[in-house]
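Take a look at the structures listed below.
In what comes next, subunit A is part of two complexes: it sits with subunit B in the first one and with subunit C in the second one.
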Partner chain A sequence: MTKLWVRYAVMGLVISIVLLPIYWMVAASFKTNKEITQDATLYPHAPTFDNFTRLFAAKDFGHFLLNSVVVTTVSVLLALIFGSLGAYAIARFRLPFGLDRHIGLSLLVMRIVPPVVILIPVFLFILRLNLIDSWLGLIITYTALNVTYCVWMMESFFREIPVDLEEAAMVDGDSRFGAFRRIVLPMAAPGMVATSIFAIIVTFNEFMFALVLTSTPRAMTMPRGTATLIGRIDTDWASMSAAGVLGALPIVIFAFSVQRHLVRGLTLGAVK
Partner chain B sequence: MTAVLFENVEKRFDGGVTALKSLTLEAPEQKFVALLGPSGCGKTTALRILAGLEMPTSGRVLIGGRDVTRLQPRDRDLAMVFQSYALYPHMTIRDNIAYPLWLREVPDAERKAKVEAVAKSLEVEHLLERKPRQLSGGQRQRIALARAIVRDPAAFLMDEPLSNLDARLRLAMRGEIKRLCQRLGTTTIYVTHDQAEAMTMADLVAVMGSGVLQQLAPPEEVYDRPANRFVATFVGNPPMNVLKASVAEGELKVHGRGLAIPPERQAELGAAGVAELGIRPEDIRIVAADAPGAVPGEVYVVEPMGSETFVDVMVGGERLSARAGKSFRAAIGSTVGISFDIADACFFDASGVTVVHRAQNQGGKQ
Partner chain C sequence: MSKALVRKDRLQGAGLDGALPYLLLAPSLLVVMAVLLYPLIDGLRASTKFYRYGKPLRDVGFDNYVQLWSDPQFLNSLMVTVSFVASAVILETVLGFALALFCSREIAGIRFMRTILIIPMVVTPVVVAIVFRLIYASDAGMLTAISQTFGGGSVEILGRPLRAFIGLVALDVWEWTPLMFLILLAGLQSLPVEPLEAARVDGAGGWRLFWDHTLPMMRPILAVAIVLRTIDAFGTFDQVFVLTRGGPGEATRLLSIFGYDTAFKFQQTGYAAALFVTMGLIILACAMAAVRLLKKVEAK
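Our next item is the complex of A and B:
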């Protein structure tokens, strides 16, 4: 009984540490700037939606949200398509010079390299393509960053699918690509969901590349747009909090809706 | 017309392993051919090359006279049953069986009718709406068969389809597959390492060893007239006994004993260059140690099987198996004599090739 009590206490402590900043952000989004900076109340005494309406009416947040959703969706979709094809090739084909064994790891190394290192080259590249401050420039960059991760994740999911199934499909009359599409992909679906969740979260929250590659609300994403609220002399904390809530909302909704697949994906292949 | 033909097919894998060394094998149309051999003999590789799942290093594969060596699996018009059954786990049983038809764009109504007819003939109609994971091993096996026979392919390929079943089910399915293949009359290539399956089911047994076809013949012939020492000792349970032997002065010398050679065999045995003698366990009689013409030995072990008794006897450092009657008993270590008719024996030369077969029309003693 005491043990159980200790366990709940520890869990409660951890959860409150995790949730406190989020609570503070949500609470602040319903306060006025005066209440935040001068009164320091624990909860909004006079809740107001002004912060949210101001974001859309005066601050282009409609644009930012749209940009984020479009850029994230398209780049993650593209990364999943290219990543799955690449991962399948690595998982199934023997490549010359043992490349199939090394490509996966080298792609991961690309992912481990600090983004700052490639920031300038990517900027120059996108500049040369005339794609600064456009959806396409961000989509290309994010797709490239996500493909490495998708290949690495999907490869292990494909390896767990028995090769007999594709061979059976091919003898039954399917092409290799047909067997991939009709037999392998449906079985790899939980893996794809798990992969996409992480890619979506990382892409939606990405700030550094968005900061460098965009300069106007035309292409700015949520994190980049939120940063515009930090002025030279003062910071609009109430709007910042509202923007934070707004930016977190799509990801939270998405995470809840695919939670079932997430758990399945992470434990797939753990037991046979 | 030849249904399936391997022509000098060789397969070397990266890393230098040679799975097949110049395999030439003809499977006649409408025949059930079993590829039999120990693991690693190249039988599965041969089947995969036929299916188009592996490319041969050299040589050609023909199906119905058509060179298919470089064709994709789907262009070969084959149906295959995998050892793992390879049912598509995300599809219902109905969709699994219908898949080959669906890929060939068979109209809906016809597809439905065919799937149901096949399901009925294999007694699996009640499983059609389930998923593979809800089925037992035996049921999955039937579905894999159903998927193969739902259309009318040029040949059936089966890769150890029974090896994942328990012993009783394996026996039952063995008979069913044999009946099924006979009813359909489609050429079947069946890979197995289980000689009982090969002997009971096949019209022709292709015994393979170390990447080479050792013998292609009907089961009785493989058993009675093995082409070489490998086939002789691989087929049969217990396997054929092989003893060092030589022919000199009109006598057969076995472990220092001279056995009289019947006059009708004198000529062929004298000229053959005999190095070894092979004799089936059921052709060995266990007699008293001092019986005339018997070779003495010591009983190594007696294994009563119910219907018969296996007796192992040590003769001059070699262990021989004999089949005795169900009531035979002897103490381990006791001395007995073994005796056999030279007419029942076959003889190998120094390289292991059979130079003299057992005399024909003598189906062993009763």
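Our next item is the complex of A and C:
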């Protein structure tokens, strides 16, 4: 058997490989550009918040954050509602021609194809709707991208709820809707939480569609704004690291606060 | 699939009830059809047209598709993408599996490590690219700082083709090995212990145990993890866009970046659409082959 200290050594190594790069960015965000490029210090010798205040004062970071929060919230909520309804139908009804199975499977295929494949058509579609550079354009796109995922995940959660419970409620005089509301919904709630957590992370972090669908701070999301910023300030390492810290902070805090629900979503349900 | 067999349709009623499932499915299907399917078909149509400055000029049939396969830039992109996906996924699988085997028995601290390992996966990919630019930068980078601490000179990564490519693979390995680890760890922990115990009683050592028992039992979940990761890696965009923008030269220009540039920088919408359709077909083919392989493995 491997010695215990070897195990701890490996764990220590893994943890430092994960954390060191992050540390380097966070440290840089508290340095001045001079300290970063000329002194190459390993930690900030004279920590400053200037980089952050500058981002909020002059660079629209408040806007980016607001846009991200609105777009993410609305689209994940819509996708979760639509997706749960659809998933319930697929999980509980048998449709003619095996339609239920086919629909489930085609939605999964849509999910599997990397989104970059439909980048151009979606851009042309939103362009035709005249919704470029608006919240609505992003919300429509993200809702659609999330719906396929929500149907897929919620279906597996609904299937885990025994059908007998609903049946019993309906025999006892509940309407179907009543049974759904009082029996199924509470039992599916943890699944809905797990599903939306993953959807929130993916949507908040999404960059590619935001890149082509937005062009001004009016609608730019956090990742889009961050990327634009560093395009312009190529060697302003201090602002760049501060932007990176700000860009990732909300979602990392969110992920930590909900981490026990996270793994199943990240693996598309492969791990329960 | 076994779940489908135990499905019950006792709840199915008549009349309005019969229409219920369709009503429930309607919102999802409408959104998907309007925003994903219709544009997809539109994209197929665009891929048979010749565009100049973003405007369709004339129908060219399958010319765009034919042209792709004699376009050195496309072929190079395809090569870069395949090498990137292969090296990243292989490294992630090996490292993730090794780490999972290492941690399969509970020791104090594992929980903490698992928590830390979530970070690379959830940090915004754009920010991951910033993190790595800050590591690789020849004037401000961590590698340079470390090298200087030990008396060396500055380290240049992103300016050289091979190093930039390796740097990109390293980024992907850093970001996604944790996912492999988590999936495979869950798989290991769900394995039945009896066969392993029996083999151990029979005197099998560590490696024997691994090759003859653990690996075969892990094959299905390994396959799922590899397929998921491969498909995802094919679509990598954000990290390259921010880290190298495809450069230097074409060293890290993945298909996704090449397609993006073709469409939005050079405005050759039709050609780019054909490229993405081709890319989608390649991925679908890979996925279908993988699923078939999976079924064969499961049937054994």
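What to note about this one:
As a working rule, the second predicted complex is superposed on the first by the 252 of 272 C-alpha atoms of A that agree within 3 Å, B and C clash if a C-alpha of one lies under 4 Å from a C-alpha of the other, contacts with A are read in each partner's own complex, and residues count from 1 in each chain.
Keep this in mind: a residue touches a chain if its C-beta (ideal position, glycine included) is under 8 Å from a C-beta of that chain, and two chains touch if they have at least 3 such contacts.
These figures come from a predicted structure and were not determined experimentally.
When both complexes are superposed on subunit A, subunit B and subunit C end up sitting side by side without clashing.
Look at A:4: by the touch rule set out above, it reaches subunit C but stays clear of subunit B.
Applying the stated contact rule after C-alpha superposition, one finds that A:74 touches neither subunit B nor subunit C. By the document's definition of touching, of the two partners only subunit C reaches A:244; subunit B does not.
Once the two complexes are laid over each other on the shared chain, residue contacts for A:94 go to subunit B and to subunit C alike. Once the two complexes are overlaid on the shared chain, A:187 sits against subunit B while remaining clear of subunit C. Applying the stated contact rule after C-alpha superposition, one finds that A:119 touches subunit C and leaves subunit B untouched.
In the superposed model, A:174 lies in contact with subunit B only, and not with subunit C. For subunit A, the partner touching the most residues, choosing from subunit B and subunit C, is C. Rounded to the nearest 10, the angle made at the CA centre of subunit A by the CA centres of subunit B and subunit C in the overlaid structures is 90 degrees. By the touch criterion defined above, A:132 lies against neither subunit B nor subunit C after alignment on the C-alpha atoms of chain A. Superposition on chain A places subunit B within reach of subunit C only down to 5 Å, the least C-alpha distance between them. Comparing the two complexes, residues 94, 167, 170, 176 of subunit A contact subunit B in one case and subunit C in the other. Touching subunit C in their complex are the following residues of subunit A: 2, 4, 7-8, 10-11, 14-15, 17-22, 24-25, 28, 36-37, 40-42, 81-83, 85-86, 88-95, 100-101, 103, 107, 109-110, 112-125, 140-141, 143-145, 147-148, 150-151, 159, 163, 166-167, 170, 176, 201, 204-205, 207-208, 211-212, 222-223, 226-227, 230, 235, 237, 240-241, 243-244, 247-248, 251-252, 255-256, 259, 262-263, 266-268, 270-272.
Partner subunit A is touched in their complex by these residues of subunit B: 14, 51-53, 72-74, 76, 78-80, 82-84, 86, 88-90, 99-100, 103-104, 147, 157. Residue ranges on subunit C touching subunit A, taken from their complex, read 3-4, 7-13, 17, 20-22, 24-25, 27-29, 31-32, 34-40, 42-43, 46, 99, 102-103, 107, 109-110, 112-113, 115-127, 130-135, 137, 139-140, 142, 144-145, 148-149, 174, 178-179, 182-183, 186-187, 221, 224-225, 228, 231-232, 234-235, 237-238, 241-242, 256, 259-260, 263-264, 269, 272-273, 276-277, 279-280, 283-284, 287. Listed in rising order, the residues of subunit A touching subunit B in the complex are 94, 162, 164-165, 167-176, 178, 183, 186-187.
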